[in-house]
């Protein structure tokens, strides 16, 4: 059977673009297995995700580049697992879920390592035969701690960093280095309850729905492009602790769903939003 | 068949309360058809809703009062429709839904009148044979307009005022006069997107979930006790207008659900939250 | 501003199809505003829905036909409301909701008439200035009643027939005449609880979820292609009557959602399933 | 702090029951922390779940028994974890989720052992330090295999057996021995798609919603009392395999939710239905 590739294109929209791109694909004798495209009119950008079968040659890029605008992004990627580093603090539920899914290949990810500012989750991580790095905050100032963490991340050459309830705020330096590659799970349906202790905030407000949000991290806390959100009904019999407990299930599902979309190359970022071909 | 009543009690919690209250009910030869109780521990308040059959005598209150704390609330109400005035502006979807449900007695409400600051919804309202009052804002300052509106509301001796997308902010005077009796539908899952244009805010933020919130009105805009919330999935193909359009369905359902709960005496207010026996 | 059209294509899949179709569109100087396509591999069928701006000439069809398989379906339709006849029996909730949406143009439909086997819903229908036809079952056998009904339907030259809780089963004759044009709302999440009294069936089974299904009608009762389904949580405190009452809200939403999809030309039928470009 | 107990009562309903039961509780100097009661009118049964603080004496039972009908069930249980044996076949997702929750005490369960008709899940189970029993079907007839399995189950003196995707049908003998104590997760929203391969059935029917059902096992396959159900939206782009994959998430959540309810003594069985105090 022939190889399978995925073509991802992001460019300025113009008339005839689909015809031209599909013409290049045909010329290179590739077959379109599945195709999605979308034009974001507010900024006149065209997004396309195409599953191809066949064997692409290097000149495919040259042919495509000729068609597209100067600020185009074209990627042709073989279908394979994404290399991921997970960062966590003390809570096990998101990490445990990811480790299980990784072991049984439920997501297209390959977890290379877990990094934590605590030593709590070592036995869980190591029981799945994944390296665990504990970077102690004690005796280190904020910058030193992050640098030490960053050097470990760097050493893994990963494609995505997943913050599976990592309870420290990353500096713009860190975020800048891994721009659009850091995925966080926040325990509220953003933008409600930004910041600390969202379940306590939700309890105090008396909401009837709580939720979780998976999003890319940028320099504004809890304000990066949203990938996935889910919610859960609550009522007056639930304490803030009850909400936190049931919220964990929503958090881990939402993070897994976001990772599935991202690692299947279904998520494009357009300014502060995502375009998702589901 | 004997008559049916509902007993609503709100009092300070203490040991033996259920035993004592049910003792009074037995002594008066009333039968408990259904019973719910809840203790809000944060403020040591006891809430109880009981459906009774039989014929209660006036001394029931005296007997109950002897048991309860000085700040008790005891209400014994025959099961019947609640008298409701609806206020609306230009949008028809919530009003139309309520008028239909009122006509076919789907909710335990009796809509006495519709009041609006526009004349748009007159034909809809009058086609259901409900009086329509148009209070024009032109030539009236804010206070005069509200006073004129209030005089009409007052004339109906209603139990609840429903703001079915009434797009003006009520003054503390108005709210104070009908404390805990005004129900509003807000077009976001509060506390996200407080204030004007929530669908535009939701679009700009790129959320994947939008919603609606039915709540009691108090003096803080969009901050009264929440009765019901519902949500709806959206994606990158939805404009702010699309969200507003699909949001309408969630708004009308959520408002109807809240009204069903309130008019079935299932909703107690405890500080800034609701206790709801569903 | 130029006119807007929608191109709908259904044909055998083959390599290069998108390139060829978009080539014809370009040649005719039409602009693609939005585009969806899907290949159903199980039967090698290609489906495409394209919003175009510009002024198509008659030869567009000839040019497209040359590309496509012999069993192709190509439709180019101006964007306008669909002509709809609604059939109902005694329940008002779906009909009332559709009449409201029709009045305020919330759906791309134009309700031409309501036909019923009872006279109950006349005042509701006529208050919206829509013709109401009562076809009495009394004194007519099954075939005569349907023929009489059919003659009225025929007289309206409609594009879709909506069964808004029409509680009679249509004969294969009727269904055959309006194949793929009849939309029904069934009060269960099919295929659970096929047939009569689904809420009673649901209550007896003790399910925790009830639902509704909008589907195209074919000759097998409740087995036509499904367009939309929604569900609702229930519990042990709900009687079959409670379920029926809350189910009404789900029924009317689900029917409206299905109609929105169908009348926006988003729904293709492929054997016993639907392909829906949402 | 005083000890905490839970009182569970199931008896024939009669007038004054709550008053009498709470009288006994008061007399024994116990405090009601939380209380739920329900009367199933179809069979005139009364159900009550009460959280007590204080130290109950043995004569509490005698005092309660005097009040209640002859077919009463009264249980007073200290609040502690339930002893659980899990049975599985080859699929890891439900078992893995339960093992994680057990390790971190997210549910009030104590998993004593895992029993399987395959050896696949041994490493997963043993990495959580839980005994794993492989009962090979080869060389054993159906009865022998079940007997061997049953002897292992018996040896653990468990309160509940959880079938976490155990793909063999239990005989009436097995079910009779552990009546009302066996919880199964079925991969459809029952009663849709009873029997084998529900995702394939769902795909073939073209449904837009799939789901999972946790239920007690009785002698009729997939027909025991339902504890919890959840659903998930699907569309035409999902193959049966896609549905099975996303269905796994719903299955594990639904099973965990059901176990949380059961092990928190919130679930009563009344004929073929459950009464659940949520």
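Order as written gives the chain letters A, B, C and D; numbering starts at 1 within each chain.
The rule is simple: a contact is a pair of C-beta atoms (placed from the backbone, for glycine too) under 8 Å apart; a residue touches a chain by one contact, two chains touch by 3 or more.
As the structure is a computational prediction, the values presented were derived from the model and not from experiment.
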item: Which of A-C and C-D has more C-beta contact pairs; value: C-D
item: Chain C-chain D separation of Cα centroids, rounded to whole Å; value: 41
item: Centroid spacing, where centroids are CA-atom means, of chain A and chain C in whole angstrom; value: 38
item: Junction residues of chain C - those touching two or more other chains; value: none
item: Touch-based graph of the chains, sorted into line, ring, star, complete or other; value: complete
item: Chain C contact footprint on chain A (complex, rising order); value: 15-16, 18-19, 22-23, 25-26, 31-32, 34-35, 37, 39
item: Residues of chain D defined as touching chain A within the complex; value: 92-93, 96-97, 100, 103-104, 106, 124, 127-128, 245, 248-249, 253, 256
item: Residues on chain D engaged by chain C in the complex (per definition of touch); value: 38, 40, 189-193, 205-209, 211, 225-231, 235-237, 270, 272-276, 278
